[in-house]
Amino acid sequence: MAELKDYLSPNKPTWCPGCGNFGIWNALKNALVNRNIKPHEILIVSGIGCGSKLPDYTRANGLMTLHGRPLPAATGAYLANHDLKIILTHGDGDGFSMGGNHFIHAIRRNIDVVDIYQDNKVYGLTKGQYSPTSEKGFVSKTSQRGSIEESVKPISLALGQGATFVSRGFAGDIDHLVWLIEQALDHRGYSLVDVFQPCVSFNKVNTYQFYQQRIYKLQDEEDYDITNRELAFKKSLEWGDRIPIGIFYKEEGKPTYADELVPLKEKPLVKQELGALISESLKSEFM
Amino acid sequence: MAELKDYLSPNKPTWCPGCGNFGIWNALKNALVNRNIKPHEILIVSGIGCGSKLPDYTRANGLMTLHGRPLPAATGAYLANHDLKIILTHGDGDGFSMGGNHFIHAIRRNIDVVDIYQDNKVYGLTKGQYSPTSEKGFVSKTSQRGSIEESVKPISLALGQGATFVSRGFAGDIDHLVWLIEQALDHRGYSLVDVFQPCVSFNKVNTYQFYQQRIYKLQDEEDYDITNRELAFKKSLEWGDRIPIGIFYKEEGKPTYADELVPLKEKPLVKQELGALISESLKSEFM
Amino acid sequence: MHNNELTLIIGGDAGQGVESSGTGFCRALTRAGLHVFSVQENRSRIRGGHNYYIIKTSEKPIISWDETVHLLVALTAESVELHAAKLEKGGAVICDSELGIDEVKISDLGISLISVPINKIAEEHGSKIMSNTAALAALAGLTHLDIQYIYSVIETNFKKKGAKVVESNRKVAQKAYDYVVENYGHVFPGRLNATGERQRMIMNGNQALSLGALVAGCNFVSAYPMTPGSSIFEWLNSHGDQYGLIAKQTEDEIAAILMAIGAAHVGARALVPTSGGGFSLMVEGLGLAAMVEDPVVIVIAQRPGPATGLATRSEQADLLFAIHAHQAEFPRIVLAPGDVKQCYEIGARAMNLAEKYQVPVIIMTEAFLTKSNRTLESDEIDFKQVKIDRGDLLTNDDLDGLTEPYKRYAFSESGISPRALPGHPNAVYLSTSNEHTEFGNLTEDAEIRTRMHDKRMRKLQTALSDMAGPELIGPESADVTFVCWGGTVCAVREAVNRLNNEGKIRANGLQFIDLWPFPVEKTAPLLERSKNLIAVEGNYTSQLALLIRMMTGVLISKKILKYDGRPISPEFILSHLKEVI
Amino acid sequence: MHNNELTLIIGGDAGQGVESSGTGFCRALTRAGLHVFSVQENRSRIRGGHNYYIIKTSEKPIISWDETVHLLVALTAESVELHAAKLEKGGAVICDSELGIDEVKISDLGISLISVPINKIAEEHGSKIMSNTAALAALAGLTHLDIQYIYSVIETNFKKKGAKVVESNRKVAQKAYDYVVENYGHVFPGRLNATGERQRMIMNGNQALSLGALVAGCNFVSAYPMTPGSSIFEWLNSHGDQYGLIAKQTEDEIAAILMAIGAAHVGARALVPTSGGGFSLMVEGLGLAAMVEDPVVIVIAQRPGPATGLATRSEQADLLFAIHAHQAEFPRIVLAPGDVKQCYEIGARAMNLAEKYQVPVIIMTEAFLTKSNRTLESDEIDFKQVKIDRGDLLTNDDLDGLTEPYKRYAFSESGISPRALPGHPNAVYLSTSNEHTEFGNLTEDAEIRTRMHDKRMRKLQTALSDMAGPELIGPESADVTFVCWGGTVCAVREAVNRLNNEGKIRANGLQFIDLWPFPVEKTAPLLERSKNLIAVEGNYTSQLALLIRMMTGVLISKKILKYDGRPISPEFILSHLKEVI
C-alpha cells in the first residue's frame, strides 16, 4: 500500500507561507495514496513557475521542463511508456500563455494524463505581472491601469475542443480537491483539473475569501448532468457572484491516444527490445 | 472609388487549377472594393502555406511572415498604426497548429483585424500531411491509417474565448463569402472568417461537392440569433449531414484593444513625432 | 558518350510526375545492374513551375553528379528551352510530339529531337495519367535499355493498385518503347545495357539516414512537416507500425523536440527531423535536453534562408548556428554526412552517441543530399554491423542491487553519470531545467553549480575520443586542398579526380564529418601540411573555414562559395579554381 | 576605512525588503552627494532564501564593486553567518536585538555588534512593516549620515501612500537613528558626510538602457516577462502613457518579436527585452526581421544556463549564440555595454543603428549589470545629444514625388534600400520571408537570389564604419592586457588601477562593446601590440576569446573565467592572475 510518507522529500517547499500551492500539493499526494499509486509508478511533469516547483518537494519521478512546455514533454513520456501514470502540475502562465497551443492539442489527442493547473491568475515567480487568467481590470506590475484583455477561459476552451474530463477545483477546499484529483486519476484520457490557487503575495483580488464567498459545487446541484457538453459550456461562462467548481463534463469510453497506436498493442514502447524487428527484408524496398 | 483593377498584380497565382484559394482571393478583393477600401489603406498579413501566398498575387501592402506567425505580426502593426485596415489570410496548419496560441490570445485582446483562414483541412504546401482541422480518420501521407486526433474546432474555441465576430464561409459560394468578408470588415474588433477551402490536390474528402451537399446558411434559419453565444456554441458542434456557414455570433460595442490604450487616444502611434514628449523631468525620478 | 555511361535530365512542371518518373528510372537502371547518382531541383509549389531530375548512370560507381548532359526528357516546352542548350553534341531530346518543338532549332544545337506521341499512346492504350510511363519507356527505347526493367518498376509501383493498372501501364510502356525503337532506334549513340550484376540498393540521403536510425533502434520520431526534413519523418512514419516505432506529427517544432525529450527521458531512442526554421523553434528545447541529460538526435536538413528563403532548395549555412544554438554552454555533438552512405552510417551512429554521452546530437544534411539517390552495394549496408550501445544505462538488475540512494547526476570524471529510467522503486528521481544537485534537486549553490557545469562540459572532452578527423580525399600531398563538409564532398571528390587525372594541378580534399566537439588534434596536422587550402562551401561566409580558424587558428582565405540554392558541381569548383589560385 | 568611503551589505530573506532598502539607501547616499556603486544577489524565490545588496560609496566616482566590506546590515541570523566573516577588522554588524546574535563570536572577528531593537521600534512608532526604515536609519545613525537624507527618501517612497505613512516612517527612522547614535555613536569609525555637491542621478543598468531607448524615440516594446530582462519592460510600461509608448505584454516571446516586427514594419521604433531562454524562442523571428529588413532592437539580459539554469544570477555566455542565432546568414549588429552609462548610450544608439541599417540589433547585458546601480553626473546623460536618425526613410514628400514604381528592396551599393512605410498610394509593396525581387515579390531565380543575398550581406560591410574598436582601459602599453566585454569591465578597470598603483605588473585592458560586425581592422593592431593577453569572462568557454580568434586569428590562451552565477570581482581577477601568468 502506498503511504503519504513515501512521497516525503527532504526538500521543503519554498512557497510563501499561505500559498495555495500547499493545498494542491497535499491534495495531490493524498489522492495518489488513496488510489494506492506509488512514487516510482508516476512521473510528475511540470514547467517553470512557483507551482511548477512542486516536483522538487515531492519524492516521485519528476521532470521539470521549460516554461510552458510540460504538455509536449508529458505526451512524449506517455507515448513511450504509458505504464507510467503521468501527472502535470503547472501555472496559468505556463499553461495558458506560453503553453496555450499545447493545451488545445493535448486535448484533441486525448492523451491519458492528469493535467493540474495551479491557477493563481498572476505570474508568481516573476513577481506579479498579470496572467492570461487574470480578470479584465486586474491591476498588476504590467497592467497598472488594469488589464484590458479578456481572461483565458480554460474550461470553455477545453469543452469547445472536445475534452473528455473537464473540472475545476479550489486549493482552499482540500477534501473536494482530493476527490477531484482521484476522479481525474480514474479517468482514461486527458483530464483537466484547473485549480483556483490563491497567491498571497501578488494576487490581492482572487483570495481565499474571494473564492469562499463565491464558489459552489456543480455536483451539489441536483439536476446537473456531467454528460451534457452544452450545459457544461453554459456553466463555464458563469463568473461573478457564483462560480462553479467540480466536474463540468465527463465522457467515458473514448479511446485514448495510446489505445489507437499499433506499436503499443502489446506493451509500452520502452518495454520492447530495441531493433528486434529489423530484418533483411527492409533492404528489398530499395532494390 | 476603389476598383478591382487597383488590386491587380503582375504576379499570377501559382495555385493548382481549381484550388479553393481562387474563390477566397476573388471574394476578398470584391469585398474590399465594395467597401471602397484602397490597396494602400490595407495591410494583408499572411503566414506560410499555399493560402498564405495570396499577398504575392495581390497589389496591396503585404507582409508574409513565418509559418504560424501572422497574428502577432498583425497585432504589432495594428497597435502601431490602427489607421491601416489589417487583414490576415492563412492556412489551417498555420493558424491552428503552429499559430494556435496566437489565435486564442488575439481573440481575447479583441484586436481590430479580419482574420481569414484558408481552411483546407490539410497541409497543402508541404504536400499533403493531415492538418489540425482534418477530420478524425482522414488518411494522408502522415496518417496512413487515418488521423487519430479530434479535429481542432475553430468556431467553438473562438466562442469559448469570447470572440466578438465568429463566422464561417465556403470558397465555393463566392457571393456569400463576399458578403461575409464585408460584414467582417464592418465589424469593430477581432473578426474570425474560417473558410472551407477545397484543396484539389491533397484533400479528396472535403471537396466542393462534399460541402455543397452539406452546408446550409445560418442566416437563412428564421430563428437564428447571432447574439446568443450558447446557441452559437451548439451550432458550432454541428458536423455531418448538415454543416452551418455564416455568422455564428456577433457582439457589438465592445471596445477594441486600441480603444483602451492611452497613447492612442489622439492618433495612431506612427503618426506621432518620435521623442516629442521627452523632457528633462524624466531625470528627476533618478535623483 | 561511352556505353552505359550517360547523364540525362527529366524536366517538367510540378505535378507532372517528374519526381516519380526520375525515381522510377533510377530504380530501373539499378535493377539493370547500373550505378546511379541523381539530383533533383524543385520549386516551392504544387503544380506548374519547372522541376527537374538529373540522373547520371554508369557501370562503375559514381561519386558525383556533374553538368555534362546527354539526354533530355522534356515534359514541357519550357523544359526544352531551359535544358536543351546544355546537352552535349550528339545528345537527344525526347518529348511529346504535341509540344510542337521546332526540330530545326534542336538540330542546330547538334542534337536530335525524338518526337514521341507520348500522351496519345498513353490515352489510347491506358489513360492520360500513364504518360509518365510512356516517357520512361521511350527513354528506355532510345537507350536500348531492356524493357523488362521498365516492366519490373511498373510492377513495383502499381501492384497495390491491382493487376489491371499494371497491365495497362505495361501496354503503354510497350507501345512507347516500340515506337521509339522503330522510329529512332539508331539516332542516339548511347546505350544502357543491363550488366547482369548482383542486385544493388538505391536510396536517397533521407531514406538512408532514416534507415540508419531505425536499424540503430530509433523507436520514436516526432516532427512538424518541413521541407526538406519531412521525408525522414514520412519514411519512418510509414514504417512505424511494422518496426515498432512511434511517429508523432506534432503541433509545432517546439512540441516535436519536447516530445522527443519526454520519450527519451523514459527510455525511447528519439529522433527529430526538421529544417533550419524548425530548428530555430527547437533551440530552447535543445538546452533542456542538455540540462536534464536526455539523449535526442536532431536532423537539420538545410535550405537557403534566412527565414523561409528558398524552401525547396539547398544550402549549407546552418553550421555555426547548430554549434552555438541556445543560451549558455553545454555539450552537444554535431555531425554532417556528405553522401548517401554516410547518411546511413551517421543516422545509426548518432543514436548511439546520444545515449552514450547523454547529450543532444545534431545531424546536418542539406536539400541536395536529402533527395539525391545513389546506388549502394547490398553489403555496404550491413544491419548486423550496427551495434546498439545504450551507454551507461542501469539495468533492472543494477537497480535492484542499488544500496545507496540513486544520484542521477553523480559527478564523474568522464562527465557521464549512470542513468536509470523512471519506473524502478530504487531510482525515484527528479530531472530539472534548473541547475541541480547530484540528486537532481534545485540548487543555487555556487560551488555545486560550478562542479555540475564542469561535469557536463567534461563530456565534450570525453566525446573527443569518438570524433574522427577529416576524411582525406585523394593523395596525401597535393598542390591544392579543398576543405569541405556535407554534400559538397561529392563534387569535391569528382573535382579532385579530374584534376589529378589531368595532372596539371595535384589536388586533394578534406571532408569534415565530425564537426563538434571539433577534433582539433586530429585536424591541425592535416591542415598544416597542406600548401593551398581552399574552402568549398554552399554558403556566403564560409562557415567551416570560420570554425577551423576559431578552433585551430588556421586561416583559409581562398574560397569557392555558392549560395543561390543550387548545389555545387565539380565544374563549378574547377572553373572557380582559376580565380582563387 | 576612509571617511565617506565604505562598502556595506544589506542581507536578509527574500520578501524582507532587501532590495527596497538597498535602493533606498543608494538614493539617500546620492542625495548626500556621495557616489554609489551597488550589486545585488537574489535567489529565485518570492519569500525566504538569502538575498543581499552590496553598496559601495565614496566621495570619488566608483568604477567597480569589490569584496572589501566594512558594514553589514543583517536582517536575519543567516545573513550574519554568511557575511560577518568577510568584514574588515573594525567593521560592524547592525542587526535586530531579537536575532540573538552571539556578541562574543562577532567581537572575536574584530568587528562590533550593533544590536538595535529594530522591529520593536518599528512596531512601537509605526508598524512592523516599517522595520526596513528603522534598519536604514540605524545604518545612517552609525555612519553619521545626516538623517535628512533618510527623511527625503521616505518622502519620495511613501508620498503616494499619504502623509500619515510618511509621518510614521519618519518617526520610526528618527527613533532608530537616535538609538544608534546614543548607544553606538562612536563604535564604528566610518563616516558618511554629505558633501553638498551638485545633484547626481542614480540608476541601474536596465533603467539606463530603457531610458536611452526611450530618449531615442523607442515607442513600442513587446515582451514576455523573464528575469533579468523584465525590468526593462516594466520600466517602459510604467512610462508608456506619459511618453507615448505602447508596452505590450505578450503570450510568449515568439509573439513578442513578431509584434515588434509588425510594429516596426509600419514605422514604430520597437524594442524587445528578454533573457537567453526567451531569445531562444525569438530566433525564428530574428531571421524574419532580417529578411524583410525591418528594424528591431532586442535585449538579451544574460543569466546562467543552459535552460532555466540559475534564473536570478549572472553570466556572460550568450555571445556566440547571439551572433549565430537563426539558420542561414544575414546582417545583424551586436553590442554589449559594460556599465550603467554605456547601457544608456547603447540603448539610444541601438535604436538608430537598427533603423539606419534596417537590421536587427542585439544588445547583450547580464543580470549583474541589469540591477547594479551607479551614480551618474546629471550631464553624463544629455537628452539633447541623442539625435534620432531614421536612416534612409522616405518622407511623404519623397513618396509624393515618386515617378518610378517603388522598389522596397532596391539593389544598392551600401546594401541599404530606401524605405517607405506602408500607407502611401505611391508605395504599395510586399515584404516576405521568402527570397524576393527588388519589389519584394517571391522569386526562385538563382541570379536574383544571389544579388539579393549579396545586397543584404553588404550591410555588414557598410555597418563596420559605425563599429568602434575596443575601449582601452589604462595605459597604452602594459605587461598584461585583460580582454573583456560586458559588466566584467567594471572589475577589470579596478584591477587595472590596483595593479598599476601597486606598480609590480603594468596592466591595461580592452573592453569590446561593438561585437558584430566584428571591427577586425580596429582591433587587430591593439591585440598585436599586447604582450600578454588574458581573457576575463563570465563563462566557461571564453566566448570573446573564441570570437577574436575566429575573426583575427589571435589566440588568447590565458583565461580568467567564472561561471557560478556570481559576477567577477577585482579580487577574483587579481587572485587568479598569478595562476595564469
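Letters A, B, C and D mark the chains as written, and numbering starts fresh at 1 in each.
Here, a residue touches a chain if its C-beta (ideal position, glycine included) is under 8 Å from a C-beta of that chain, and two chains touch if they have at least 3 such contacts.
Quantities reported herein were computed from a predicted structural model and do not represent experimental measurements.
Visitor: Measuring between Cα centroids, which chain is at the maximum distance from subunit A?
Guide: Most remote chain from subunit A, centroid-wise, comes out as C.
Visitor: Between A-C and B-C, which chain pair shares more contacting C-beta pairs?
Guide: By number of C-beta pairs in contact, A-C is the larger.
Visitor: How many Å are there between the centre of subunit C and the centre of subunit D, using C-alpha atoms for each centre?
Guide: Once rounded, the distance between the two centres reads 45 Å.
Visitor: Centre to centre, by mean C-alpha position, how many angstrom separate subunit A and subunit B?
Guide: Using C-alpha averages as centres, the distance is 31 Å.
Visitor: If you average the CA atoms of subunit A and of subunit C, how far apart do the two points sit, in angstrom?
Guide: Roughly 41 Å separates the two chain centres.
Visitor: If you average the Cα atoms of subunit B and of subunit C to get two centres, how far apart are those centres in Å?
Guide: Measuring from centre to centre gives 37 Å for this pair.
Visitor: Quick one: which residues in subunit D touch 2 or more of the other chains?
Guide: In subunit D, residues 44, 49, 241, 251-252, 254, 277, 284, 288, 292, 307-308, 311, 432-434 touch at least two other chains, as defined above.
Visitor: Show the residues in subunit A shared as contacts by 2 or more other chains, in ascending order.
Guide: 48, 64, 66, 97-98, 100-101, 104-105, 132, 145, 261-262
Visitor: Hey, which residues of subunit D end up touching subunit A in the complex?
Guide: 15, 44-49, 224-227, 230, 233-234, 237-238, 241, 247, 249, 251-252, 277, 307-308, 311
Visitor: What does subunit A use to touch subunit D in their complex?
Guide: Of all residues in subunit A, those touching subunit D are 14-17, 48, 50, 64, 66-68, 97-98, 100, 123-127, 129-130, 132, 141-145, 201.
Visitor: So in the complex, the part of subunit D that touches subunit B is made up of which residues?
Guide: 30-31, 199-203, 207, 211, 214-217, 219-220, 222, 240-246, 248, 250-252, 254-256, 258-270, 284-285, 288, 292, 376, 378, 381, 383, 386, 388, 390, 421-425, 427-434, 440-442
Visitor: Quick one: in the complex, what on subunit B touches subunit A?
Guide: 96-97, 99-101, 104-105, 107-110, 132, 145, 148-153, 156-157, 159-162, 229-230, 233-234, 236-237, 255, 257, 260-262
Visitor: Considering only the defined contacts, which subunit A positions touch subunit C in the complex?
Guide: 11, 38-41, 43, 45, 48, 53, 55-56, 59-66, 69, 71-81, 83-84, 101-102, 104-105, 261-264, 269-270, 272, 274-278, 280, 282-283, 286-287
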